[in-house]
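What follows is a pair of complexes built around chain A, which joins chain B in one and chain C in the other.
For the complex of A and B:
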């Protein structure tokens, strides 16, 4: 019987793992790989303490830190959790293929995945002009022409971030003129910028380029004719999907399947289950925030274990 | 008129500064120095991403990261904020000696200071056996004899952390037998450990040593006679004092002067003032948690600025 099982391999899971090992809590960690979603980034400028670090280099640093604690934590890298079952006595079964691991608490740090366009070129140019986080990557597009795909709130906020850096920002929105979502101030800021051109009632159909992105193709909602704009960057901002299915049956989630947490201590609706990072209903999707919240989750689990021995 | 003024120089303030600059918010940061409380640590093993890093080296990394953004943030290192005044129009004046800086929002990341014993040797041996954070430093005292000073909750939790590493743990408590505070499970764990010896009704009177700590002197409450125990570590766990005086007049604080925040977004009771880290009523005192919460604070301030232009 483990005291804690940590699910995930991003910065949040690694942080929880390091703290669990140092607290000598009997812990296992399951992850497909170490690094998280930003492992694909060319350069990360907002991992606090590093002026700039590539996604792969950050993953290596995280992995080394975690592995330095391996005497006090069972690391199962390359093993995916299929499901967590809640037992009647308040403990849990973590199902990994044919194997079942028992544990008193579960830390869900399984992250999210960006909702993708699913169009040709999107994956090929990821990290080479295709980006999924304007807060992270806007500064890399100084004086460039870029397109943001997505007329929802995250799309509009990406445009605002990019106005400050880019030469020209196209916004590709499915809705007609007047149908943009997002708060009025953000909308006004976008409307008032002469850098922005909104292409309404349209859907991205392909990302094109050679070594790097050179353009974005799109179609009008009611037509098969393909148009192309010349851009060096494409920000896909059509939402994200939390990896919450593994506990979704017995842990409360919001309308978007994000695990609801108590923001003070990262408890979920189910005693013994804690969550942090992009799998939760936190308003933020940032590596350092996920790290901080995961440490809170682990320290809360530690408290829970003391009280439920 | 600044959009944001960040007060503090620890990891939280640096994180907020980096994000503010990248968001191109017009920002100034005031700090006596960069590094925060852990700048005195010999080795930090729980700064996520680094297996081990000294306090000074962490401070250098933080400073470099912050200075890399200096085109987009006014850095006033070596300048202390004396006071913040709230104006009738909802903006603020930040007073620094003779100078006054106006700003729309304030981020209080001014941290806390450990309450100190104020006995001979305490400062001399800080980082050389005298420690203030068991979660951070317990693993460095493997197989050593240590003393924890403080019979409150943080003292008891320090003992629990140390039981797992140390050879012997003395607890110096002012209260008589039966008078310890802290939750019952923690108390039971301490009572049941044959590593722990509790010295009741006593006060630390001096830390002694040569290159490193070799002992702790104490006196019984009602006596001037000095006793000495041979230890290699002394954990001072008598609470911490938040540096909240600068805004304490118009921002709600709890009974210990910690700034009360909304844990979801780090808002305080005063619109336009946000806080993160050891100056707040967060249950946690950890570098990475302060960093994550400071980024939330900055992103909340960014939202606030958009809505109150």
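For the complex of A and C:
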């Protein structure tokens, strides 16, 4: 029986892991890989202590830091948690494929994943024009016409990545002109590029193509009329969905499936389950915040363990 | 012994992580940067039917396995690590 099991591989999970190991709490950590969602980031300029660091470099540093504590924590990297079961005696079972691990507390730091459009053609053309990582895949769209869906910061950053390669970049934004979110610096870069055309107050309605993507259909917010632009690439950047399903059956979530936490100590509606980072209803999705919240969660779990021995 | 080829772009985070993983495990590989070699990029798209990186191709005993994306679990299994 573990005292705590940490689920996730982003900055939150790593922070909790390091603290758990140093406190010699009997802990296991399960993650498909170490790094978190910033892995795809070209340069992170707000990770405190580093003027600038790339997503992969941060991931490698996080991994090394975690591994330096491996004598005091069981690391299961490359192993996905399928589900957590709550037992009648107040302890938990963590299900990983055929294996079951028992634990007194659970720290959910499982983060988020890309939100999908949910429109016809999106899945069919995934990898064949539909892409979720502009930083990674932009070079394939050299001299091609592409569309980015999503007017938030990640959408704007995708546009900037694509300007370097594509012939033309459409940005489909739900907001009206002047309503784009995202850094002013990034916005200015987009506004100053003659490659970019912003289609405001619109939503993507279908991806079309044959072997590869040939176009994107969209509708204006207030109309059912479908318009089509000819593009060879569609980059989806409409935010993330929390990976909360593993505990969703017995932990309260909000309307967007974020795990609700008590911000004082990161406890959830279920005693013994704590959560931190992008899987929670935290107002801000930030690496630094995820780290702090995860440490708070681990320290709270430690208190809980002392009280419930 | 398997021959490993990785198609990548310099700005692709998962490519870097995949390469780091291979290095850590002492697996030798050939890297093809598709951002500078458009012909190889096209060849990769034709071979895999898709345009995402990383693509990792493992040739072993005359068999070829194509992995799209960095999946540590699959990679470990295919390389018998």
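Here, the second predicted complex is superposed on the first by the 188 of 309 C-alpha atoms of A that agree within 3 Å, B and C clash if a C-alpha of one lies under 4 Å from a C-alpha of the other, contacts with A are read in each partner's own complex, and residues count from 1 in each chain.
By definition in this document, a residue touches a chain if its C-beta (ideal position, glycine included) is under 8 Å from a C-beta of that chain, and two chains touch if they have at least 3 such contacts.
Here the structure is a predicted model, which means the values were calculated and not measured.
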{"item": "First, second, both or neither for A:87, with chain B first and chain C second", "value": "neither"}
{"item": "Chain B versus chain C as contact partner of A:14, first or second or both or neither", "value": "first"}
{"item": "Touching partner for A:51 - first (chain B), second (chain C), both, neither", "value": "first"}
{"item": "Partner chain(s) touched by A:139 [first = chain B, second = chain C, both, neither]", "value": "both"}
{"item": "Chain B versus chain C as contact partner of A:161, first or second or both or neither", "value": "both"}
{"item": "Chain B versus chain C, judged by how many residues of chain A each one touches", "value": "B"}
{"item": "Chain B versus chain C as contact partner of A:62, first or second or both or neither", "value": "first"}
{"item": "Partner chain in contact with A:296 - chain B first, chain C second, else both or neither", "value": "first"}
{"item": "Overlapping contact positions on chain A, where the chain C interface meets the chain B interface", "value": "135, 138-139, 161"}
{"item": "Complex contacts: residues of chain C adjacent to chain A", "value": "9, 11-17, 20, 34-35, 38, 41, 45, 49-53, 68, 70-73, 76"}
{"item": "Residue numbers on chain A that touch chain C, as the complex places them", "value": "32-33, 35, 38-42, 54-57, 59-60, 77-80, 126-129, 131, 133, 135-142, 161, 212, 233"}
{"item": "Footprint of chain A on chain B - complex, ascending", "value": "11, 14-15, 18-19, 22-24, 45-51, 58, 61-62, 64-65, 68, 135, 138-139, 160-161, 164, 183, 185-186, 189, 263-265, 283-284, 286, 288-293, 295-296, 299, 306-307, 309"}
